[in-house]
Each structure stands twice: as C-alpha cells, then as structure tokens.
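Shared between the two complexes below is subunit A, which has subunit B as its partner in the first and subunit C in the second.
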Partner chain A sequence: MTKIKILLVLSLTTLLLSGCYNYRELSDLAITTAISIDYNEENKNFEVIAQVINPIKQQDVSSSGEPTFINFTSSALSLQEAFRTIILDSPKQLYGSQLQILILSKSVLENHLADVIDFFSRDPEMRSEFRIAIAKTDESLEGISLQTVLDNLSSSNILDSLDKQSEILGLSVNLTLNDLTNMYLNPYLEIVLPSVFVEGNINEGEERENVTNTTQKAKIKIGTTGIFKDNKLLGFLSFDESRALNLIRGDLEDTIVRLDTENGYIVFEPNRIKTKKESDVKNNKVKITIDGFARIKEVSDLTDLTSVKEIDNLEKKLNKKIEEMVQDAFINIRDNYNTDVFGFRDSYYKTDYKLFKEIDKNWYDDIFPQLEIEVTSKIKLYEKGNTLGGIEYEREN
Partner chain B sequence: MNDKIIAKLKKDNNNSSYVIYREKYIKGIKINIIYNETLTDSDKLSDFIFRSLDHIEKIYDENEFLYDTIKNNISNIKIKEIKGYDDVCKYLNNGFVILLIEDDYSLALEVRKNLSRSIDKPMSETTLRGPLDAFNENIETNIGLIKRRIKSNKLWNTDMEIGRYTKTKISILTIDGITDTNIRDKIIASLNKIEIDKLTDSSTLKYLIADEMKTIFPTIITTERPDKVCDSLLNGRTAIVVDNCPFALIMPVFINDFFVSEDDKDSRSINNSLTRFLRYIAFFITVMTPGIYIAITTFNQEMLPLEFLTSFASQRASVPFPAFFEALLMLLSFEILRESDLRIPNVSNSALSIVGALILGEAAVNAGIVSPIMIIVEAVTAISALIFIDTEFINAIKWYRLFFMIGATTIGMFGIFIVFIFFVINLCSLNSFGTPYMIPYTPISLAGLKNSVIKFPVKKRTKRIKYLTDNITREVFHDKD
Partner chain C sequence: MKEKINTLQFSSTFLLCILSSTIGLSLYTTIKIASIDTYISIAIGSVMGIIPLFIFLYIFNYEKDLPIYQKTVYIFGKFWGNMINIITTLLYFIIGMTVLFNLSNFIVSQYLSNTPLLLILIVFGITILHAINKGFETITRVSSIFVVIAVFFFLFSFIYLFKEFKFDNLKPILEFGIQKPILGGFVNMLIFLAPIYTLLIFPKNNIVDKEKINKYISFSYIIGFIILFLVSFLSIGILGKYLINLYQYPGYISLKRISLFKFVDRIENFLSIHWILCSFINLSMIFYYIKCNITKEKNSKIINLILCLLAIIISYKAFDNNTNFNYYTYKIYPYILGALFTMYLIIYIGDIIKKKKNNI
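Up next is the complex of A and B:
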C-alpha cells in the first residue's frame, strides 16, 4: 500500500517537472532545413541565411498563397551570434535537428571552414547527417530561397537531387558533416565537396510565378565536385573527372558510359560497381580493380548484338573505355592541380607506415607527381535490354 | 420437542409468512411439515411428498417405526436425515421440506424450485466457432457443464461454504494426477482464515484468495465458458466455481493467457500465429503510443522524418494545449464514453456513439481543441485495447499508459525507456499463486512458448507447462511414423 502511495505521489510530482528538462512543443519550433553561410571580408561578418518551414497544412499551400518556407537573414561577427539574433525577427527559435543542407561560400571555405565545422559539431542538437555543398557563385548562396515545384521545400529538392545523382549518375560526391570533419582533421586527406549553382535569374526565381510556370525561370542545380588542397579551394572538376574521382574513392555505384563506335554510339549502364585499391608504396603505384555489371541502355549503331562474339568485344571495349577514363582523369588532376583528393596518401599510410614516414616529407614535391595508377576494369556485360540487335541493324538485315 | 423447534424457528425468522407449517396425522401420529414456499416447488411438494404420505398412511403398519416407513417409502431421491435445530435451519433455507416425525427423528426432502435460468450463450466471451454454452447461476448446472466435458473420476471437487449469511457454496475443481494441489490447499487455508458476511459473486472471492494490493495485473482469470475451464483444468490449473455466479475462476494465470482466445482453436497454426503476433503488437501500441507520441513531439523532434514533422507541426499549430494535456483530454473523453456505453441500456447505445464520434472526431478538431493526429493516436490506442476481453487487464494497461505519458512528458524518450524498464521489472516480479507471471518467456518454458506468440500445430504441442504440473507428458498423443 505504502509502495503504491509513494509511486503515485512520485508520478504526480513528475508531472510538475515537465518543462524542466528539454520540453518544447512542436508549435514553438522554427524548423530549419537549409542554411547558407557567407563571409564578408570587409565587415568581418558572417552572413547567414536560414530557411525555416512555415507549418501550414500542405493541402492549404495553393489556396492560402502562403509560402511553404521563410528565409531569415542575419549577420554578426560570430556564427552563434548570427543565428541567435534571428530571434529578433522570428517569433520562434531556430531548430537545427532537421537541417538538410548547408551551403558554404568560397570565402567561408577558404578562411573559416574550421569555425563552421566547430559550430555545427559542437551543438548537440545538430544531426551530422546533413549534406554540405559549395556555392559556385555568391549568388548561389541564395539558391535555397528559390521556389520549387516537385518538392515544396527547396532544401529537400537539393538534398534529394544530391542523393539520387550519387546513386544513379555519380556526378558529384555526397558528403555529410562527419565526412567533412574527417577530411579536415586528417592530415593525409584532402577535401572534396559537391557544388551547387543557380541557373536563371535568381530574383525571378524567388517569386511565386516560379512555381506556376511549367518551365522554372530559375532553378538550383547540382554541379561537379570541387577539389581542395590544404583546405584551399582549387577549382571544379569536369563531368568525367568528377565521375572518375568518385570511382577511385569507391563511392560510385551506378552510372552511364557512352562508347563511341565507327557508326554511332552505344550507351552502357555499369551498376553494382565495387572498387578495390591496392597500394604499392615501394614502386609508388596504386592498383585499382573495378568490379561490376553493365547493361546496354541505348544503341545507335549497326552492331549485331545477337552474336556472342560481338558482345564479348563490346565488353572489352567498355572496360577499356572505363580504364582510360579513370587513367585520364587521374593524370589530369595530378598534373593540373597536384592535389591528392583520391586519398592515396592515406592509403599509403595505412599500407606501409614505416616507408610512408620516410617519403611523406616531400609528398607533393616528389612522390605524388610520380605516382601512377594501374586500372583494371572487370565489368561484365550481362543484359542488353531485348533479344534484338540494334534497331538499325535489324532494319539492314 | 418438535413444538419447541417450531417455536424457536418462528422466533428466529420473525414469523416469516413464507415459511409454511402444516400438520399431518398418520394413524394418529403427528407429523410437522415445514417448508419455505419461495424456495420449494409446489407441484413437487404435492406430487411427491403429500401423495406419498397418503400412500404411506395406507401401508403403515403400526408395529413399525413411522420414521423408517417414511424414509423407505417416500418417493423422493434426495433424503437427508437431520439432527437438531441447526440442520433444520440449514435445509429449510436450501429449499428442502422438513418432516418432523417424532421426537428427534426428522427428515429433509428436496423439493427445490428451479430458480435459475437456462443455459445461455456466453455474453462477454463470444466466439465465432466452438461451443456456445455458458455458465449460469446454478452451481450444479455449472459443474455439470464441466463434468459433461471431463467424464473422468479424476475430476475432483473440494466444497466449501462461505459467508455468514449467504452460506454460498464454492467448489474447487482439480484433476487428480495433473493439478498441483498446493494451490488448492493454499486457497483453502486462506479461506479458512476469513470470516465474511456475504459472498454473492466470484469476483469478491477473487480478492479473498489473492492479494488485491500486490499488483494491478489480474492474477486470476474470470470466465463464463465451461470449455475454457476444462482446458485450464487439464493443463494443470485450478478452477473455482461459485454458486449464484455465472463466472468461474481459473488460476494460476500467465500474461500469455490474455493473448489467447478460444477462437484460436479453430484457426490453423500458421494463420493463428499472425493473429497472435498482431495481438502482441496491439498490446504495445495500446500501452505506449500516446507516450511515444508525446515524447517525440515535445522532446525528440529529431527522431521524426522532416515530412512527418512538418505535417505534425502544421496540425499542432492551432492547438492551445500542451501535448500531454491534449492526450489526457482525449483519453478521458474516450474512457468516459466507453464507461457510459457499458452502463446505459442498449436502446440509447446508437445515440451515444453518434454523440461520442462527434465529440471525439470532427467537432473537436474543428474547434481547435485537439489536433487530428492526436485523434488518430488515441483511436489506435483505444481500438488496440479492445482486443483483450479481460476488463481487469485493460484497466491495468490504462495505468501503464498513463505512466508512459507522464514519463514522456517529463523527460521525453528517456522517460519512455525508464517506465518501460519499470514495466518489465514489474511484470517479471509478479507471480500468480507462486508461479511466475511471465511464463513462458521468463522463466522459459518450451511447452508454453509453443502456444504463445507463435502457435505450433496441435500435434506438436505434446507437453504441458512444467511450472504448472509435474505430469508434463502427452497433452497430445500421436503416432510417430
């Protein structure tokens, strides 16, 4: 009896404690889904834009004419001050757990990356699962304020696009805060980040008309990978280089490859790609083996796809094409940028620690420029779509 | 002597007009006939007693003892010899007719009126298939219904009388060779210690033999189905049938028993396993959903996908109450509705459900008192609770639902975990008449597990639970090929 009394009293008193710990009603939150940060060198100010969801019913969006999200801008000497002072014009406090995308300007990346990483990883409320991207131009920082159609939130738009492209195209790397922190802290890794840019007139894109037209006046697009050396942005890769970089890093799973033939082209879709790296520190060489499967997606050629011999031939050509693509991209990056974004330095360190210590002192002077890779592609062609050869081939015969 | 008894009786029952005193002379010998007309059947009385006495008068040989002649010739099966005043009272109040023949020689003859209803369908434990008879208020009928199913001498009964005024008969049923008699002895011992005025139903008895304050979970099952009693008996449990109450008691009880329905026997084991799984899911839903909803929306918003969060936030935007209060409000109104639905006569049921649906649904949302999502949460919680037929079990769940809500509104998800740990500890520390409540899960009983979340085919369930009985072999026998 006394036990039950004590239990009752305890549970009733706990009711009074609600709100002491971390109690927040949903209606008190300004759910922030996207943040972009710029640094103004003249005023020494961080300039931030935070995208906050407007919690109105999704079915009411079109009728009420209210926007689905609101942007708050603020600037201050520190990031914390900048974000905290947003409360001056927003009735609710920013809530960062649901952050989806963080866009950083070039000036932030060059001089204040450490501040940004510190701010976001210090706050326990923040999840580290959000994606980080470079704004290719200063204008692209405002890209998060564009009105979008397929997804009401422009942040979800960017996030989904970024995720999906890394699954089916492999144009750009796809990184979270943890990856960035790791790359920043590890002395043997260089930073790579995806980029975004705005296509069209940004001022028109912020208008409501942007979503009522079938062709959007302005949209935010995913760009190619930006590469760094010593935490300084060097430039952006081309489409093929970007893909090859992903392939070497082992992040590429599925993409499309066009093989030019005498009369036209054939497009393959390599999928289930797995990349293995073997470092040979002594000979300064890295062996890369690419395994996977491919299917034919498009044929504009007279090739007879019904013959097994031809298929074998195509498979060889495809593998050769991939090997060349990777080799070329590597040599380009090595010679033009001289930055080890592939993580070879780290894998050398992990393979042969002692030897690596000796050669590491002049890594970028002697070792990396001499580094060579040997690419072996073992992709198997297993599906060609239908039983026919190419349409043109069938017509000829 | 007989006059003395009659005078005392008259004094004792305050000259009750229902007690009839008649006199009859057989060849000059006076016989006093006493009966209570509310309990006796007048047809039987005239057919078997008075007519017999007339017949006896004809054949009576004066050399013989009248008492013996009556005893041997009266056409009534149930004859009791009685000695003294106390016996007279006892049998009179049980619907017997008392014949006071000569000094100290008296007989009681049963002419009881059938005061109970006929065997009816079960009201609270309906099934789609299976037997459709239920206990009624007559203990003999009830035991008869059980005996009809267990045609064996091994069905043993121990009878007791409880209640200073009611003198209610109870029968403790066991199966010799299967049942652990400790439980029976314990029950008898605890009942012997108790002096109580009345026992009108089995529910009171339930709390006389089990500690009411020890736990909020039911440790005894109340059932009105004879087939369920038989099943339990043959699995090594003890049953108690109480006179004047159509509900029998079964003990000991495990938590799994509340998830098993008599309907399950009709279902194939594979299909039934899915149903059982659903019941367990429903149990957790009904206990934890409001708590988890509160925890997620007021503390751990990061746990929700963004789409859900936006949707929830938009629904919550117009609600003025904190989430806990909102949930409590809905729970309260639902429980009030349920309670009133049980109490009111059937005629006004539909009117009530219309009003209830309006209050709990559309109007409350439109008025901005509760959010639609809360209605969904409460509806799921309430519907899931209706899976269980045992009202005591549902009431116990209600407490834990509240505890989970309080834990959630205090420290969010941590609170849910803490209450959950307490919940599990509480369940594991319980016992029902000395057997752990969480059998077959802890301690593990393979035989019990075969009829828990997953139900094995009947031919595979060959053993009884070893914590119930020492005789565990062969619940089902079949030839192995």
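Up next is the complex of A and C:
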C-alpha cells in the first residue's frame, strides 16, 4: 500500500514539474527591447512603436538577410489598448521584461507622463531598470527603426551609447523608470532626461544598406540633457551645461576637460569624481565640493610637464576651469530657465525642513533666483601617460 | 507529545516565524503609518518587542512538561482555560488566513500574474497539510534547513544592494515627529511577534538541550530584528520616500536592482524565494498550533484536511481582492494581533498569580 501511495504521489508530482499553470513558450513571445511613444493631440491617441527581436539566432539572422528586429506600430486611446492591439499585426504577444529603452515624445512627457509611468510601473512583468530618453524631434521617435552595425539591435545600440557616454563623457545621466517616477512624484524635484536624435535620412537608415556601408546614412545619437519645469520641457542644455549639471547633481564620474593655453591646449581626463553638496538654507547658499583625480590626455603646448611646479600650476588651472564651468552653467540655467534641475530644493527640504517650509512657497519667485553656489574643485592631477614632457616641448628643447 | 527536537531546530523555527512578516504585512503596514521613518519604527518595535519576548519565555519556562493549551487549563481551570484556548485558536485561524492570502497574493502579483489565486492557495494548502500531518519535529527540521537558505539569500541581497543605498533618501528624519514611528513600531511588533506564540505548543522539556534555549531564542530575536531593520533601511535608502509608498512590496522592488557583474540580472524572483520559505514555516506552525488545540495531540488527518480546506476557502472568499486585503491589513489586522497579544498577557498574569499562590 505504501509503495502504491509513493508511486501515486510521484506520478502526480510529474504533472507539476512540467512548468507553471499558464506557462508561455519562448517562441510564443514577442520579446520587446525598445518602445517609443508619442501622443496625437488631434485624435487623442497614443502612438506607439515596439521593437521586437527576430527570434532566430542572431548570427543566422544576419547571414540569412532577415532583419534582426521587427517594428510594430499601433495607436489607441490608452497605452494598454495600443500595445494589446499589436497582436492584430503580430502572431505573438508583446513581452516587456527585456525592455532596454523607452523613448518619449515631448507631448507625452508634458501631458501624459503619469499615464506612461502608471502603465510601466503597474505591470509586474515589466522591469523598471530600462533607460528612458526624450526624442529631440518627432523623427527621433522612429530612431529605434534604424539598422545598426556594431549592435544587431538598435535598442542595444542606444542603450550602450547611453551607458558608455555616461561612463566616459558624462554628457547625460542614465535614468530608469524608478528615477523618472521619483522625479515626477517628488514635488521638490524637476525632471531631467537625456535626449536622442536621428542624424541623416531616417528612410535610408531603415534600409539594409545602412549596415552594409562603412558610413551609415542615418544614425541615432545621444543628445544633451533636456530640462523641465513643472513637467513642461523648457529646452535642451548645451554640451558644457549638460556636463556641469551632471557634475552638480553628483552623476558625473569621468569626463574630459580642455584647457586653452597661450600656444595651444591641454586636455585632461578627470575621473573617479565625487561631488558633495552642503546646503546652507539660512543663507540660501549651496557649497559644492568636487573631489577626484585627473590625467593629462593630450598636450598641444610648450608646457614643461617634467616640472613639478608646472604640474602644480596646471592642477590649479584645471580646478579653476572646472569651478568656472560649474558656476557659469548654474548661472545660465538659473537665469535663463529658472528651473531647479539641480535638486537644491529637495536638498534644502532634507537639510532643514522647518525653515524650508517657510520659504518654499516663494521658491521660484524669491529663493531660487537668489540662490548662490560656492564651488570648490579639488581634483588631483596624478598621471600624464607614457611621455614625460610634451612632444612640442621636447622638440623645442 | 513524544517528539524530541534540539535547540537549533526550535530557534530556527522561531527566527523564520519572525522573518515571514518582512514581505507584505509588516513593511506595508509600517510604511503606511511611518513612511520614511519606518526603519526607526522597526528599531522602536524591536525594543518594545522585548516585553512580548519576555512573556513568551516566561510562559515557555512555566510548567515545562505541558503544551500551552494544557497550561491554560492548569492556570485558569477547565472552563476559562478552554475559553482562552478557543479564542487564541480562532485568532490564530484568522492570522493564518491572513498570512496565507498575503503569500498567495504576493506570488500572484509578482510571479504568476495569470495563475488563479485559488490554485496557489490550494498548492500551499496541500504543502501545509503535509507538514502538519508530519508533526512539529518535521517542521522544525525543515526550518533548520530553510534558515540557512534564508540567511544566505538575505546576506547576498544585502551585499549587492548596499551600493545602491543613498543616505539622502532617509531624510528628513522624523519630519512629523516621533508619534507615528512609535505607533508604527507597536503595530510592527505585533505583526512579527504574533507567530512566535505558536511555538508554545511544544513543551520545553521535550527539547533535548533545553538549557541553552533562552540564549538561542534571544539570539534568534536579535538576528530577526537586524534583518527586519536592514530590509526596511535598505528599501527606503534605495527607493526613497515616494517610491516606497507607491509599491506594495518595496523590498521586492529593491531586489530588482541587483545585477551581478552586469550580466546576471533579473534574479529578484530567485532571491525572494526565502520569503516564501519563511511564510511556509510560519503557516505550518500556525496551523499546527490550531490542530493541536482542536485535537489535543491526537493525530487526526481528517481534522487537518478540514482545517486546511477551511483556511483556503475562507481566505479566498473573505478577502476577495487585494484592495480589500490591504484595507484589512492596515485597518483591522492590528486589532486582531492586539487581541492575541492581550490573551497571552492574560496567560502571563495568570502564570504569575498561580506561581504566587503555589508558593503560599
């Protein structure tokens, strides 16, 4: 009897081992890696493009001439309907767990951001770690359709570009759904987002030839940071402003800085940067201390790099340059846009919430326009590469 | 009760019962009350929890040969003793249904979104039925294995999540005063300490190396609280004030940030398995306690089956959907836990009076 019982239990267990109750085969899923969303104000529709991986092995796809991904477009009054009705074109259901990049248009960001955040954060299958960017132009929304060479998928191409530029250039900060949600929900934070845009002819970029030529006819590029105030896009920062903003926010780790000299220039690579902010709510002042290290990467000058004194001098000049860059960017953003994208308001709140609540009502009228920053850069120049002095200097001496 | 266990098995079960509340119930309710000061609440709760822990140890050390349902009869007489047993059994039945629904709801909302809730309730119901059929010794043996898995997964998550922690997210500290964190601490204490009284079903003298038990239980309590504190501390430090209020399971959402060597990611489901293991032990203990109170140690598989079926059906029908359930956990559940705590407080006072009378 015991043996029969054991056999019965084992037989029943095999039924459970086959998988979950409502499992879906991998081949039944349309694995979505990129999504772009626009909003058509005329017919009140969300217009979406979803990039789906061609499930055939990626190497085989390239050799067979098939596209590595397929784009599906749809539009509907709600996002859920827009994505669900893609099934009318595609034999497989969209699966968002592998989503890498989400590109949003200006109109979506300004008027329907809550809908987008709600849609993506509510779905348990969706991961919140994908990157989000603004489409700088309407055409940029179709940037995920472009054929790319170094990565088979344009979504990976954008994701890698975003990650790498953030690591080595610091032009734009990498933001995930949770970061955007936090900026949206927090009344003391303004939204900042990296931007993307298409360079070249988008129609030619979608053709197969875009990956067979050594120079691509169209490519998607990472742009500077877009800044908002009360969820309205104010504009896009310049290259230096964008980096300075990241530096103030503490999101910049590695970048390059060019120092113009009398006879040329010297390029430094500050790295391992850490930014510390101290808010003095009473005096409406923020002290910013920048720590880190720097290498000399390029010299087009007669500077004697073997001289200790000269290196000390260069270090001072580099720090001064960084301090000026940050100050200038802050003043430009404060005076031209009057938006606190630096997070000072939130920092004031967290430092002294009692005093902050007294002054918060007039934040953009009286407090922020008068806010001052005191920047101290303490970057240490520690390395200059293989060569001892500069090439020009060696030639002259 | 002829089963024999050792101190390690007993304290492992104790620890898992405490940890089972980290998903859903404890953090959700405390965040609702204390928001970003939740970790302070939990620290306060840990200090407050010394009283229920002391009560537990006091009752446990009293009449060491008797299980709790016989102790109550011994202290209060047959009528009042049985009344107390019936009330605690009913209260534990409600708590058991709450934990069962909470666990199933977590699984449905995060892992198996298209699977019917009833099916998950049934799967857990069958597993719990098997555990209580096997008895206390089996449950505690399983606990001693699960505790290693749970602590390992917790440490693993902690190490990888620590770099995501931002101290700034904890600020401003105590913006709305200390009252809410104290209230949160009290409710939190009730939630995570409620399951520990189920262990009183086991007489102290049946523990092989019982001399060390008080020390082991105190140690498990400290470990449990450190883990609870760190789960809340990390979740708030990673997600911040607004996101912890947005999500139902902030601890689970924090786990999504883990990425090993930038290529092993999406492991949150795997890492969160320890919550399921803890909840399973907790549920097994609760239903074992109820079963013992009803059957008075007779091994009645029919009663066990009826008990599990009732729990499945009632929890499925009573809570209906997770909005109802969330409302219940925040508004009603603390009172049920408070009632349970009061019952053990009465037993504790009865113990003292009885001891004094005996001495006289």
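Basically, the second predicted complex is superposed on the first by the 378 of 397 C-alpha atoms of A that agree within 3 Å, B and C clash if a C-alpha of one lies under 4 Å from a C-alpha of the other, contacts with A are read in each partner's own complex, and residues count from 1 in each chain.
Following the convention adopted for this analysis, contacts are C-beta pairs under 8 Å (C-beta built on N, C-alpha and C of every residue); 3 or more make two chains touch, one makes a residue touch a chain.
Please read these numbers as outputs of a predicted model, since none were measured by experiment.
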Open item on the list: On the A-aligned overlay, A:N178 touches which partner chain: subunit B = first, subunit C = second, or both, or neither?
Closed with: second
TODO: For A:Y353, decide between first (touching subunit B), second (touching subunit C), both and neither.
DONE: second
- [ ] With the two complexes superposed on chain A, say which partner A:L88 touches: subunit B (first), subunit C (second), both, or neither.
- [x] neither
Open item on the list: So in the superposed three-chain picture, is A:V308 touching just subunit B, just subunit C, both, or none of them (first/second/both/neither)?
Closed with: neither
Open item on the list: In the overlaid three-chain picture, which partner chain does A:E125 touch, first (subunit B) or second (subunit C), both, or neither?
Closed with: both
- [ ] Considering only the touch criterion stated at the top, classify A:S97 as touching first (subunit B), second (subunit C), both, or neither.
- [x] both
Task: First (subunit B), second (subunit C), both or neither touched by A:M1 - done: first
TODO: Report for A:L150: first if it touches subunit B alone, second if subunit C alone, otherwise both or neither.
DONE: neither
- [ ] Identify which of subunit B and subunit C touches the larger number of residues of subunit A.
- [x] B
Task: Intersection of the subunit A residues that touch subunit B with those that touch subunit C - done: 20-22, 97, 125, 127
Task: Partner subunit A, residues of subunit B touching it in the complex - done: 213, 297-299, 301-302, 306, 309-317, 319, 322-324, 402-403, 406-407, 409-412
Task: Contact footprint of subunit A on subunit C as seen in their complex - done: 109-116, 119, 168, 171-172, 175, 239-243, 246-247, 253, 256-257, 259, 265-266
Task: Contact footprint of subunit C on subunit A as seen in their complex - done: 20-22, 97, 121, 124-125, 127-129, 178, 181-182, 185-186, 347, 349-351, 353
- [ ] Would you mind writing out the residues of subunit A in touch with subunit B in their complex?
- [x] 1, 4, 11, 14-15, 17-18, 20-27, 29, 31, 33, 53, 55-58, 95, 97-98, 100, 125, 127, 153, 156
